[in-house]
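Got a structure for you, written out below as structure tokens; questions coming shortly.
We call the chains A, B, C, D, E and F, going by the order they appear; numbering starts again at 1 in every chain.
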Amino acid sequence: MSNETLITGKKAENAIKESLFLFTLYICVTIAILTLMTLIYDVLSTGTTRLTSDYEVGLITKIQIDNPIDFLTTLDSRYPDRAGIGPAFAGTVWLMIIVVSVTFPFGTGAAIYLQEFAPKNKITRFIELNLTNLAGVPSVIYGLLGLAVFVRLAGFGRSVLSGGLTLTLLILPVVIVASREALKAVPDTIRQGALALGATKFQAVFRQVVPSAIPGMVTGMVLGLSRAIGETAPLIFMGALTYVNYFPDTPLSGFTAIPIQVYNWIGYPQAEWKETASAGIILLLGLLLIMNSLAIFIRNRYEKDL
Amino acid sequence: MENVNDLRDQLTKTITRPIEKIVKFFITASAFAAILISISIIFTLLTEAINFFQDPAVTFKGYFTATRWTPTFQNPEYGVIVLISSTLYIAVIACLISFPLGLFSAIYLSEFATKRTRKVIKPVLEVLAGVPTVVFGYFALNWITPNIIQRFIPGTGVFNALSAGIAVGIMIIPTVASISDDALNAVPNSLRNGSLALGATRRITSLKIMFPAALSGIIASFILGFSRAIGETMIVTIAGGQYPELNLDPRSAMYTITSSIVNVSLGDTPHGTTAYNALFALGITLFIMTFILNIGSDYIARKYRKEYE
Amino acid sequence: METKETVQVNSESVFNVTDLSVSYGDFVAIKNVNMDITKNKITAFIGPSGCGKSTLIRSFNRMNDLILGAKVNGTITYQGVDLYDKMVDPVQVRRRIGMVFQKPNPFPKTIKENITFGLKVNNMTDNMDDRVEKALTQAALWDEVKDDLDKNALELSGGQQQRLCIARTIAVEPDTILMDEPCSALDPVATKKIEDLMQELVKEFSILIVTHNMQQASRSSDYCAFFTTKTSDDGKRRTGELVEFNETSVMFTTPDKELTEQYISGRFG
Amino acid sequence: MSLQEKIENLETDLHLMGRLVLDALVDGVRALEDKDVNRAIATIEKDDEIDAAYLKIDQDWVELMATEQLVATDLRLSTSILQASLHLERLGDLAVYLGNTTQEIFDSPVPETVHATVVEMGDLVIDMASSAMESLKNRDKDLALATAEKDNQVNRLYNAMLEEAPKIAGNEDLFNGLFRLVTCIRTLERGGDHAVDICELTHFLVTGKFEEF
Amino acid sequence: MSLQEKIENLETDLHLMGRLVLDALVDGVRALEDKDVNRAIATIEKDDEIDAAYLKIDQDWVELMATEQLVATDLRLSTSILQASLHLERLGDLAVYLGNTTQEIFDSPVPETVHATVVEMGDLVIDMASSAMESLKNRDKDLALATAEKDNQVNRLYNAMLEEAPKIAGNEDLFNGLFRLVTCIRTLERGGDHAVDICELTHFLVTGKFEEF
Amino acid sequence: METKETVQVNSESVFNVTDLSVSYGDFVAIKNVNMDITKNKITAFIGPSGCGKSTLIRSFNRMNDLILGAKVNGTITYQGVDLYDKMVDPVQVRRRIGMVFQKPNPFPKTIKENITFGLKVNNMTDNMDDRVEKALTQAALWDEVKDDLDKNALELSGGQQQRLCIARTIAVEPDTILMDEPCSALDPVATKKIEDLMQELVKEFSILIVTHNMQQASRSSDYCAFFTTKTSDDGKRRTGELVEFNETSVMFTTPDKELTEQYISGRFG
């Protein structure tokens, strides 16, 4: 066999096909990334003017919204330049508190049961199937469910509690699945190791497995929350879209939330509202970014340990 | 050696603590809550939907054959086919955008990207996946429609199916890319090395070895993406418009199941009216469609996971 | 139960296995095992893959209980007590009969916590520091880690991890240590260290070890059991069986069974 | 080469060496019987070949043991091969001794009876060596036992001859001690050889080389 | 027990056996020198101990090889041990032969010169065997070589004596052949033993048991 | 390039390695390797874990190109051609120098497709069926699978999978086969089969094998290279080095280096 093929060979011919293929891939990735960039750029460029502007429109205007903090604390208004996102922001905070306090115990509890204790039988399998399906059920349907169960049946009315519980139902499957993944990622050898030392099943799970899985569970929780924070559709059914211009003070108060407020503003025909909507979106994206970074941070910090 | 009886006493000394029982009860109950949620979804949707069909104005036949969806009109028509076709139409546009872009991005990420590039792009895609849909809706309405659609396809309305479809497509790219990437990554590295060691190029390796090996996972990502597109609400509500008639022109507005649900609920439809009940009929229709897709995707995904475990 | 008290226990043997078989559902993995395991000796289980060595060794501390569908028939008595008696709590059994696994599996915690975990679940919370030191010393690891007890155990090398796993096993003062291929994930140098360690430990513990490595069995065990899979007459079921149980020196020089000879001299199959 | 083949080769080599040694023995005994100096010289010359065969077996054996872990029958076989080769080597020496003796006595008068007995014993040893190798080849335990029993006859002849010799010499009392001492001398001479062989082992242990001192 | 320890034990056993054999040789030579029948009997009795030591080494050796894979120095050492034990065993036989001879001749007249030479050779062999074992123990190649060279002296004495003996007997021509044939007989007797040893190997190969036939 | 043609190639050797070192970023994994690999012989690489055996063997078919940051210095010539010459296409190199990996890695396709894949990418599409049969026969697998060529390769046993991987490697007619611990995931019976197979294959191919198993190296290789890690004087860097390269029979009876002797007799470290 000659050695020439090693040197000349079909390198060139291959190279063309290879580069072409790689080029296609580059294009696809670029488009995917570029749209995101465009989206963010568009929002930023429209919204920042709103957040930094100090111009006055109209005659009665006295409240000048000229910095982001004011935007966060001010009430909504009929005038785009004076509309703040205060009640919506407060509503979102309320929602988050309700969601976390209900989802965390139930989500992790269910995950621990299913992953560690559930017998491998038809009932368990049925629960699992339910969960995968629930995770994929469109959010509007949760809205309908919340409407029927919390608003009407439980009599919570169109309140922040109903909204929070509805969002809880929405992200519960996501959190359960993520927590299960975190538990699943704990090698079986850890369980066996603990049991072989004479630990009871309970000790093995709660002293070794769960602590190892906590970072993953928290990450799942954070990601679930970040989904909840941006959800709009189900909250529409909670009356969040009606003009709410006060801060909720009890769980049974009416409320609105940031994405709803944004949706509201998008709906107004005047061009100035675009800027206000953008400002709302910037806030929303900012919150998401913080939560995602948190999730990534936790994951990177603890992932290599296992 | 110790006495056999002592030993037996020791070995039979079982310890149980009440706290363990309580905790176990609680977590078991949590898990069963999942069933409860599903049952309540089906139950609430069904009961109200049954009320809907009991209205003499509504016929089962009409529900599936009428070509208009006008529940709040004087002479209401309930042609769900309008909504279903719009929904599928927009979903298909979304898939045409997201499948190739998502899949090729996944191939790039798992087969060609250096570790560093991957480390940047993966989180970016994840962030993209987390962007609230209302933002995509805003983007479709305020950027895609004026800057792309209306510029290149004159005569397009402010609300149009194309723009909504594209935005939905962009929204599900990360889903498709991320699950496909997971599927490609689940293929053991040893297969890649095996192929390269036989003298295959990277292109052949990714197309002939890695892609088929990850196929079931990729299909699962497609199905899930499609299901997401069908259930997507805010984008289509904001950018897709509400054209209540059967229509296949992408430049015009369309009326998806989800946006009609939102619209009905927005209006001051009183509780108990047929129009109100229609919400739940639509809900169950949507539920069934996504249910089938989700279960299918899960089934296929499970299969591929088993292959390499 | 009363009848059990009359059982005559050979003071030399720690386990007596009688007519043992283990099945997974319908599938009988290993059957008809009869053997007495001698105290303070190393007994090795060898045989081709799938002959049921792991299945069998897991029966000695009821780890099989954790496997879905696994069912043990026959009896294993441990110092005269039937391990599968309904009244016997497997958790207690595992405190007396420790186990070391194929892949080192330290908990993702500090070195010290790896050892104190076992102590805590066994209520051995007095003199914890002394116990930690003693266990690590016995496992020939103390000198290497004494200044780093708070280091994460996962930062240790594979061989050190395995010795840590042995340390945490002996810390709870079992009588017997079961080892399922404890060196198969280790390089020869680390393997040598573990083998040397076994020679030390056997003075105090009885050791059962499954190994794929015939040389390991031959050089480090006192007794050796050879298992193989036999195919049923209709060719459908393959079940593990004990072929020969003998002193290691006899097994490797003058095995009783032709099959053993074929296996140990590599002419199997 | 597989382990199987390596052992088989080693065993074949041993039996080839056995053949050489038997040939040498036959030559030695016949040379002595016929006082055939040429044949005696031939016998002596064969010893180099025997030594070479011995060396090769030892070397191959060490290589085999270094590269393979032998157990059970394989191990016993290879051990037997090593030890048998040592015995064969010394039987080869015996043949050489017969050859040397033939050279010394071919022109001396020797008592007929003694001469006949030596030849008889020689034939017996040839027979025994041959059977012994046969038994080893065929894993024939019974043949081995039967062969070993023939040694009694050799011993009987030996003892009878040692008592006979002084009588033949003419003065039993006078010569008894002398003859016996001569056999001691022969024995001690061999003893020296054993010591030398141990020295060779030292050399092998230190250098890894087989060498005849 | 670690490999290291096992080999060390084996080597220790060999040197203990060496000690036994040397003691037996000293006893044998001294008994012959002094015509001391009691000491001769003691010598003969020691052989059982030697044989037992030999058997143990062989058995342990096989066990070692079966359970450990030896290479390089370890392998050479254990091989040397096995072979040295065989040589020692035969040196033990030599001592027995001297003991037997002493019993035969203690009341016979023996020519002074021959008697003296035998003892001289005996002392030489003792010296050689002792040095040989020493060289093996200390891995002393030079001592081994020096020791091996001493064999020349043994051979010289042997040849000289064989020429001397017929003269002492009174009729060189008549006795030359006779003496030489007697040494052949002694040699052949040992040959028979070698054949028996091979037979023992057959037995070992088949049954795995070391046994004296 | 012209100059290369004048290189005097020892007709016996297939690779000449000169002053080779491989680094990952700043970390030098192995350095100063000089060796000639003989044609149609089995050459084994042994040494403690982390001494760079895998790193080195991957340099022989430029699989190191695929590892980020891996950098090869010095030269490896393959039948006189510098493998790291800029003009040399690594894809072509890998067609001539096949590789078998530690864990059997058949493609999740049919048995037949596993072999035809390599044939296709190498444009050896004539007589595919014959080539498939030949490769499987050479890999001693034909008899076991000839009736099931369309079975999924993943359904084969571990040992069969590894032989299939060998079959697909030899199907593309390389001259040399590199094997990185090809038996470490297999049981002794399957290992024996692969070793026997290597003895067959070496008549036609040159074989380089990395093995952790000293016995495997000793019983199946013709030449043996022993590597170890040496710590730099300041105790900070640990670099792999070639200690001894010798005929296997010499290496295992009278190694040149004390270090080799310690390693092969298990007294290392």
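Following the convention adopted for this analysis, a residue touches a chain if its C-beta (ideal position, glycine included) is under 8 Å from a C-beta of that chain, and two chains touch if they have at least 3 such contacts.
In this text the structure is predicted, and so the values were computed from the model without any measurement.
Can you list every chain in contact with both chain D and chain F?
The shared contacts of chain D and chain F, listed by label, come to C, E.
Quick check: which two chains are joined by the most contacting C-beta pairs?
Contact tally peaks for the chain pair D-E.
Compare the CA centroid of chain F with every other chain's and tell me the farthest one.
Farthest from chain F by mean C-alpha position: E.
How many angstrom lie between the CA centroids of chain C and chain F, rounded to a whole number?
Computed value for the inter-centroid distance: 36 Å.
Round to the nearest whole Å and give the separation of the Cα centres of chain B and chain D.
The separation of the two C-alpha centroids amounts to 91 Å.
For chain C and chain D, what's the span in angstrom between their mean Cα positions?
Centres of chain C and chain D (C-alpha means) sit 52 Å apart.
If a residue has to touch 2 or more other chains to count, which residues of chain F qualify?
91-92, 214-215, 218, 252-254, 266 - these are the residues of chain F that touch more than one other chain.
Which chain D residues sit where two or more other chains touch them?
If we look for residues of chain D contacting two or more partner chains, we find 3, 62, 66, 69-73, 75-76, 207-208.
Could you check chain B for residues that touch two or more other chains and list them?
15, 201
Along chain C, where are the residues that touch chain A in the complex?
It comes out as residues 61, 63, 66, 68, 91-92, 94-95, 98-99, 101, 103, 105-108, 117-118, 121-122, 152, 154, 165, 168-169, 172.
Going by the contact rule set out above, which residues of chain D touch chain F in the complex?
Residue list for chain D touching chain F: 1-3, 62-63, 66-69, 207-208.
Write out the stretch or stretches of chain D touching chain E in their complex.
Against chain E, chain D makes touches at 25, 32, 61-62, 65-66, 69-73, 75-77, 79-80, 82-84, 86-88, 90-91, 94, 97-98, 101, 104-105, 108-111, 114-115, 117-118, 121-122, 124-125, 128-129, 131-133, 135-136, 139-141, 143-145, 147-148, 150-151, 154-155, 157-158, 161-162, 165, 168-169, 173-208, 213.
Okay, in this complex, where on chain F does chain D touch?
196, 199, 215, 218-219, 248-249, 252-254
Please output the residues of chain F touching chain C within their complex, sorted ascending.
Those residues of chain F that touch chain C are 48-49, 187-189, 192, 212, 214-215, 266, 268-269.
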